[in-house]
Amino acid sequence: MKQIKLDSIQSLFKALSATRTLYLPVDTPAGADFKKYEDGVLWSGALNTNRSAKDFFFPQTENMMDFKVEGKTIEIIEPIRPDEDFVVFGVRACDARSFELLDKVFLCDPVDTYYKNRREHGVIVTVCCNKPAETCFCTNFGIDPTAPGGDVACWQDADTLYLQANTEAGEALLQSAADVLAEADDSAADGVKETVKAIMAKLPIQNLDLSAFTEDNLLNLFGSEQWKKLSEACLGCGTCTFVCPTCQCYDIKDFDTGHGIQRFRCWDSCMYSEFTRCAHGNPRLSQVERFRQRFMHKLVYFPANNNGDFSCVGCGRCLAKCPISMNIVKVIKALGGANE
Amino acid sequence: MQVEKKEFKPTIVAFCCNWCSYAGADLSGTNRLNYPANVKIIRVPCSCRVNPMFVLRAFQRGADGVIICGCHPGDCHYTTGNYYARRRMTLLFSMLDFLGIERDRTRLEWVSAAEGAKFAKTMNEFVEAVTKLGENKRLEDLRCKKQ
Amino acid sequence: MQEAMMRRAKELLADGTVNRVLGWQKGEFAYDHTPAVFDSADQLEQFVYDDFTAANLSKYLVKETKQEGKILAFLKPCDTYSLNQLTKEHRVNRDKVYVVGIGCEGKADVEKIKALGIDGILGIKAEGDNFVVETLYGNQTVAKTDVLAERCVVCKSRKLMTYDEILGEDGEVINSNRFDMVEKLENMTADERFAFWQNELSRCIRCNACRNVCPACTCEKCVFDNVNSGIANTAAADSFEEKMFHVIRAFHVAGRCTDCGECSRVCPQGIPLHLLNRKFIKDINELYGEYQAGEDTDSKGPLTNFTYDDCEPSIVHERGVE
Amino acid sequence: MQRIGVFVCWCGSNIAGTVDVHKVAEALKSEPGVVIATQYQYMCSEAGQTLIKDAIRDHKLTGIVVCSCSPRMHEATFRKTAAAAGLNPYMVEIANIREQCSWIHKDMEVGTEKAIILGRAAIAKVHLNAPLVAGESPVVKRALVIGGGIAGIQTALDIADAGFPVDIVETKPTIGGKMAQIDKTFPTLDCAACILTPKMVDAAQHDKINIYAYSEVAEVKGFVGNFSVKIKQKARMVDPVKCTGCGLCVEKCPMKKVPNEFNLGMDKRSAIYIPFAQAVPKVATIDPTACLKMKTGKCGLCATVCEAGAIDYTQQDSFIEEKYGAIVVATGYNPINLDQFDEFAYNQSPDVVTSLEFERLTNAAGPTAGTLLRPSDGKHPHTLVFVQCVGSRCDGAEKGKSYCSKICCMYTAKHAMLCREKYPDTEVYVFYIDVRTPGKNFDEFYRRAVEEYGVKYIKGMVGKVAPQADGSLLVQASDLIEGEQLKIKADMVVLAAAIEPDQSARPLATMLTASMDTNDFFTEAHPKLRPVESPTAGVFLSGCCQGPKDIPETVSQASGAAAKVIGLLVKDSLTCNPCVAHSDELMCNGCSACEKVCPYGAITYQDKEFRMPDRTTAIRRVASVNPAVCQGCGACTVACPSGAMDLNGFSNSQIMAEVDAICK
Amino acid sequence: MSHNKETLREIVIETAGVNPRKCMKCGKCSATCPAYDEMEYHPHQFVSMVEAGKIEELMNSKSIWMCLSCFACVERCPRGVEPASFIEAARLALIRQQGKNHLKAEDVPAKLNDKLPGQAIVSAFRKYSK
């Protein structure tokens, strides 16, 4: 385990950004968000960023290829794959878990080469939660915020940041900043862990009953009377999906630039009326169906195909951001069982 | 080796109503009144046909200035079209200004079928003003830029 | 107030005046209430009305007034402006709503509480002019005025524009300073304004929350969802598309926007979108005479109207800072 | 994908002089969809058109682009060419490379480059063109004439003679209008009644003409070929079918002190009245504001004496709805109110009269039975002063009218001449600014008044008329030729008051969505080439509602309007301009924004049942555009936030494709 | 230094603030003028003289002092030409001539005609009778 004093944390960022691009949470008028580190950029310390770290590996829009059109000839141009190494610093345990889930989608056959490329160039540095919000419920999905994943895990107490590499890439990263890091005892962060655990125990959303969300119960859940009521107020906007660290749907579009065609993909939301529209029309015509799709996917379909792993990490963003305050916790409670 | 500095020639889109301004543009041609070739005219039935969407679209696709020409107030072929155009464009231009887009990139001018000279003069002035501003950077879509 | 509303709702359900009630349902926390339709006295036990029932309910009436029977809607002054505008545009059948107007002193904004550094909110209790906020990290007291939603700080009117009955006190139209921020921007240089909006709009994630919550955005099919419109897209690929979306959206609601402020309330990225709408309102007021959308149900809106001596667009050059 | 042919015209050296037409054709050949691109010296020539026609057939073209002169010049030509080769004429686009390119640029390179871009824009547009078929709308073979003066009567007679039914709506109890009040007509001096009343009778007896007298137009809906008009028949309290016009009721009516409007208030009539002996229809009318029975409930004498039993005090206004293919406006004129011309003492002395009042004073059926007598004391006047241009040709609208009323010079000459002829002992002065006599035999007429009848024409204006204690009028005027100020002691002063459109014209124009000028005269579709049509299709103009006119001119315009109406009514249906707006009902919000900006009232709403995207059905309010009324301005397309409204021929996607091509 | 003919005309027109070209020569001003018989030039002539540039003749004519400024001509003129304004302008032009900037009391003409009230009195009537 390594350590560095918080008052000299800038030297760590400098060291990390010397060889690669560093992104870290920065305060904005609307809460913390990831920004590129440059001289003078200050780490917010807040981990509950508006947008999740997903954006670095699966950006909102991504160019896939270009077609150059000249007269009647068309030429295909492969895009230049970003080959820049980068570090995302300050990822929470829940957000770090989301990559395990995204990997299951993008890295299984057929492999999504765009995502894979970014994953290969990115290093994730997690930080143990120090100030969980009331909206946090990661523990319900077996996530231990005091033992965050990622390539490097960090813990911070009043004056020190402790760092522990989890992977080879993590080791290499710490090695690159070895100059500014000091050695620390492997148990140095135990105090922090205990404090955080104590707070976690007081969180209001605990022990969600997820027992109903099984493959066997699929049809019962699908046919539940509750969906209508739950989705009644849904505006059909994409806020929940776009702030969600595990949502991974995208649409592929062609953009006519005037001198060619740019084929790009961009996030799509199952809440949108145009989602998965195909030649015959739209498979889910009403908001009830679209709403149901999102939660059935997260709570039933995804686990059914992925060894029971739910496609939710309990980060709480949708709880905080939904314009009408409808969210997965309310859905789980309505369909799955009560909070004990 | 001396690098020759390329003279900036703005792309200008002019929406002209069929009844007055388009005819005014024709007249300036008939009278051989010059204006820069960067002005390209799109014929619309009336200035009220011009959707703010078209103006933005032009900027997106690489226009450096957009001008809308219609019949003088009171002379609209459709009696009231240009009055609506006037309100719509006033508000649109004001909004673009509010976003920090240069004011001189947009303009609305009334040109009658008899005002060939005014048409040419207006275009000359407009091209000059836009040339002075240089390339449209604030409302550009990089994807559409010529490589 | 909440009790009075529940009582009245139950009475109106019982006497058959209405068959449903549009209100807010208690949330998971103290502040996350969800708009809901209640169709029985039993369901009404979940009804809530407090400082955090901020959502403008009028847009739901577009759908609800197409259903059988009359619905009771509890509307705040803001919401009644929206309802009038929707009635004017034939989007809502006013005859199928029983409006109970409720007086409003402004709503609290939980984001403002959080911005004070208060995290882990477990409960919020109103005590006089203050809120006592119970958190994971201890109790804190904040003044209500400090956490009043931004739109309520510059509230334009506490007067109910349309109602079938009133619960509580009707207020007055307020001579508010809601255009101050717009004016401040107008007085900046073009470069500063550009930088301001570039910074704000670059945060947009195109979640469409602003559009979907907007009571003026009730199009059967939005141009941005319509592949044939030529401007449809699901995500802004670059800064042009960010501007395009917000300018066109503001233009489409110009003259119709009642300035309810929902767009800014729901923006997950905290973009002050209401400033775009307010800019149009300010321009309309200054150039074409005072106009407040939603004040009535029959006047011609400023963009479907004109006078022979309207100003020319060159007025944009003639005023303001370069 | 369209198969597009591009045809670049040299226009001799007009285009080829500054545009390399070969290069343009070559460049455009490689554009997507273009299967042939060629050039020719004169595309509009027979040979050029044949070239296009052959190419359309040989290459199975689905769209063509002609790079040539302005579409204002030859768009119609090339559309016909396309149609002749079996291609929909709306699949033609013109790239204007002459007026907007070769003629304004001197540099060959610049001109060529621009011509290529303009060609590309046209190609981009034609890709999105759709074949348009002009719609047809049926024509109701019936005309409505609003106003029953000489203009309306003449129009109605001409239309009816062509075999089409015509309805005349007249607000007064009788038709006849101003001409019925006039004594003699210039320049022939025949009696107005002698030539008008036979026409009135003709109209009444014509089996194709139906007269709604004492009626008004209450509402106009519809459009050219298919107007629906609601006519309000005001309650006469007399059954027009039963009434024989015997006049017994008029004779017996005890209320005889009502100012007689037909004689401009210079005598009295009874409460039940027939305006004049030759009235058509000759039916009595009860004036409810004067009738004792109506006011107090006591009397009922007319009902007692009426043998036909035609009197019905309970009669109410009634409404008729009728469909018409064409509407003719013939609402006529009135002399202006002279209250603000205090200097002429019109309101101070009854001996100062307007020319129209003078007509009644000299008319055999008038208050003095045709003998010219001073209204104040009934004595024979010896000195008469006529003042021209009273209220005409004024600067600014506050004091009078800016226009020349046109008819005053001639009728004043007529009055002066008749005065001198009938009463040689009179001394007659006419004060004029100019004497305007541009009509057949007009100047000769005026000269006769001066030369044969000794009317004293004085160049100058009357400044003041002062009633004197002895009952005479002191007229102070200037004689600009002699350079002196005259003071004339006159017995009567006759003012040639300016004329203005009838008050009913303005609301009517609103109902018809017909445009008016600032003086409330109806605007013609073209001041020279379409003088009897309003810009609103199907609405025609007859007589003084369009501008001041004398009788001959009114009658010719009336016949002109009739000819236009006949030309419309002989058609079974009308071909519409296909470049009109249309609404996509699935996207329409029913918000009325488009309706509010439509200058033609072409948009209506209906509630329709739809299958909604979520599989439910719902009644939705949706707009529909009447293609026969829409003129294709496109105001609605921008007002529509959802983009449901689009314009054929200038669609959103077409215009944006042009923008894209230009900015490329 | 005296003005040339053209500038003098412009000065008078500018001072009067009305356009002499609007006159349609109807003579209503002269017809209505109570001082007509006392004048050498008459109101309608004032207008045409200004238009023709005969300002010096006007300035040298006693007629401009005969005008009572009763404004009858202004009131009656159908074209809004205001002959009295030209008369006033001609008077001012005379008074303001270079070198003659100040009109000495002794230079003010005494009553020109016993039958006519002084200009100031009529002006006062006009001013205060409303």
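Each chain gets a letter, A, B, C, D and E, in the order it is written, and its residues are counted from 1.
Just so we're on the same page, a contact is a pair of C-beta atoms (placed from the backbone, for glycine too) under 8 Å apart; a residue touches a chain by one contact, two chains touch by 3 or more.
Note that the structure is predicted; figures quoted are calculated from it, not measured.
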Longest centre-to-centre distance from chain A, chain (CA-based): E
Identity of the most central chain, Cα criterion: B
Winner on C-beta contact pairs when B-C is weighed against A-D: B-C
Whole-Å gap between the CA centroids of chain A and chain E: 91
For chain C paired with chain E, centre-to-centre distance based on mean C-alpha positions, whole Å: 68
Approximate Å spacing (C-alpha centroids) for the pair chain C, chain D: 49
Whole-Å gap separating chain B and chain E, where each centre is the average of the chain's CA atoms: 52
For chain C, residues contacting two or more additional chains: 223, 230, 237, 303-305
Shared interface positions of chain B, touching two or more other chains: 52-53, 57, 61-62, 80, 84, 88, 143-144
Chain D residues counted as touching two or more neighbouring chains: 597, 639, 652, 656, 660, 663-664
Chains that touch, pairwise: A-B, A-C, A-D, B-C, B-D, C-D, D-E
Chain C - residues contacting chain B, complex: 182, 185-186, 190-198, 223, 230-231, 237-238, 240-241, 243-244, 247-248, 250-251, 254, 276, 279-280, 283-284, 287-288, 302-308, 310-317, 320, 322
Touch list for chain D against partner chain C, complex: 586-593, 596-597, 605, 618-621, 639, 641-644, 652-653, 656
List of chain D residues in touch with chain E within their complex: 343, 389, 393-396, 399-400, 433, 459-464, 476-480, 483, 485
Chain D-touching residues of chain B, taken from the complex the two chains share: 11, 13, 18, 22-23, 25-30, 32-35, 37, 40-46, 48-54, 57-58, 61-63, 77-81, 84, 88, 120, 144
Chain B partner contacts - residues on chain D that touch it in the complex: 70-72, 96, 98-101, 103-106, 110-111, 113-114, 117-118, 121, 515, 535, 579, 597, 599, 631-635, 637-639, 647, 650, 652, 655-656, 658-660, 662-664
